[in-house]
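Structure record follows, encoded as structure tokens.
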């Protein structure tokens, strides 16, 4: 069942098309990664999901209800943290949770508040004012507020911002726990592709407001294609040789270095060709990662 | 909506800035009361110099009721600026802080949020007014005692018996609440437009000063618009302290000279409140929350 | 020559006979007033000054021989003509330090009243000259006009009722000139009143009155000096 169904939404700010004809679905229980460079339209899309921004056109349904006409009902089941965690500096962590508990129709008990504080690792600092918190601690508290009312859908915009490696690991484990053990649906956006790769089962890649790719990571990352990085003694000579060959289509535009997206069985043929053409090959590195996939897509578009 | 009001009131009264207004009012009132207690007779003598040429005034002229009137005259011109500090921050302050997106993604409509915030801001305004009343009226009554209210206006004097005074103050404070709520709603409207608080606070204060000047200048060009300006009506709480006289020039106890003026002012102020808040709701519903 | 002497002699006789008639009238009035050692008069006071809005107020007037007088409002602030209230007929005549001059008669409210002028013989008295309108039959003073050294001139008009035998009025009206009243707008913070000039003009140069209507006197029951 689709938890989120976005149908051809667009958002124009004057002449700027921040989001252009975007459609996607998020199924129940998925950890859905939202990828894109800065200014790609991720935050705009998330704000439209939360009815903070009115779409210029298109529709959004969450839990089968239109966000436009059943907003309150829908939002009752969503917990979200949007961009940086902005909170009230004169209140403590616990006071924040107590305050936001008032805004939910579900009864949130004091023990639930304590559990949330433990879950996000703030039980030791519960009574401290937020203005004494680091960015990472504020991030945790923001996540705590999002989880407080046990929502079915959790939207996390850059949740690992400002966190140390342990904190990042904790959040990743939390997200995986929420999805696998508690059956939550989670939409997480990030520009740290390696993190998304470890957390998400499905991704959507946005670029300049348009969808570039959408689907399960395992499907998108074509196991038959590898990203090959060549290190040579003369990169310029090597590029000219490749461009003049049948391997030219595999060459990727990158600001630096020689990268090709090439079926894995052709890699030996490429090596042989380069050596015969007199290119001084130092190293051939091949990998199949989300980052590479992302860069490939976006550079093709450019 | 109760949740929102409770939520907002909690934040208002936990924030240190809120208490600036309470402190400022207390300081102003206590300083003026101290000055009048120590040297009030000179002040009273100055006010009564024209009267004392002809008449002997016997009794406690400088009593708590007169002191309260003097305080209200001074403070109700300046308290609106203190009210603006909170009201003009209600929406734009959240936008600036970044918490507005947090609030507007909860299961309440924006209309509910705006109205809830306005109600909370209004409660704050009323509490501030009650604080003012406690200090200006009851503390003055305690310090200076009570007697008839001997009001020296610009062109005439009104002597109101002491058992005819208190209900007038109740009326005046209720009226003053409408005046201050108009300022609250104006600050609120400004707050709904901006994404930081400085602009709305300065804007609200500037609007009050600007329209007050228009209201008080006796220039024929402005006479047409004056009746519609809220600042023209804000000080009409004073009408509770003017009484009718009969054909024998005897003051009629329990009367108000110009009830119609009070009613008109209340209607104008209420209309402004509805207009400002309604516009704030409309703007907030339509805008994209980008902060 | 004889005729002229006779005319002068007759004029002198007439003058002396008039003088002989005036003093008894004051004495007749004083005799009546002497019946009262002290009194407490209860009444209602009305202040009628163009620039003052005041309601009727209950007052008590305390008097003790020879010239102690105090008007006290029954709670609240009272407005009385400056210096004038203390100089009632009782206090004027009880000083006994004046000479009288006949000033003919005048009809007031249908009554023919003898007009007498009093001139103080003691320089320390507050007043310069007083004119009395006296009913020669009832020995009651219906009007006084007094010029004081420091508080201007005022008139007191009296009406009599149940306590006429004691020379105590049922109604006393003090009339006096009022100065213009004006406080700057910067003091009163009353701005934007477009009718202010018109209002001010309407209140200028008026006379003021304070009326006390007595409904009861408690006479010769003793009044403590602390009341004054």
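Quick notes
Labels for the chains are A, B and C, by order of writing; each one numbers its residues from 1.
Keep this in mind: a contact is a pair of C-beta atoms (placed from the backbone, for glycine too) under 8 Å apart; a residue touches a chain by one contact, two chains touch by 3 or more.
Keep in mind that this is a model prediction, so the values were computed, not measured.
Innermost chain of the displayed assembly, by C-alpha centre distance to the whole-protein C-alpha centre, is B. Ranked by separation of Cα centres from chain A, the top chain is C. Rounded to whole angstrom units, the spacing between the C-alpha centres of chain A and chain B is 52.
If you average the Cα atoms of chain B and of chain C, the two centres end up 49 Å apart. Chain A and chain C, compared by their mean Cα positions, are separated by 100 Å. Residues 47, 50-61, 73-74, 77, 147-148, 150, 152-159, 161-162, 215-218, 223, 226, 232, 235, 238, 242-243, 245, 248-253 of chain B are the ones that touch chain C when the two sit in their complex. Contact residues of chain C toward chain B in the complex are 46-57, 71-73, 75-83, 85, 176-185, 187-194, 196, 199-200, 203, 208.
Every residue of chain B that touches chain A in the complex is listed here, in rising order: 3-4, 6-7, 10-11, 14-16, 97-99, 101-102, 104-109, 286, 288-290.
Taken together, the chain A residues at the contact with chain B in this complex read 47, 50-54, 71-76, 78, 80, 82-84, 86-88, 90-91, 95, 99-100, 102-105, 145.
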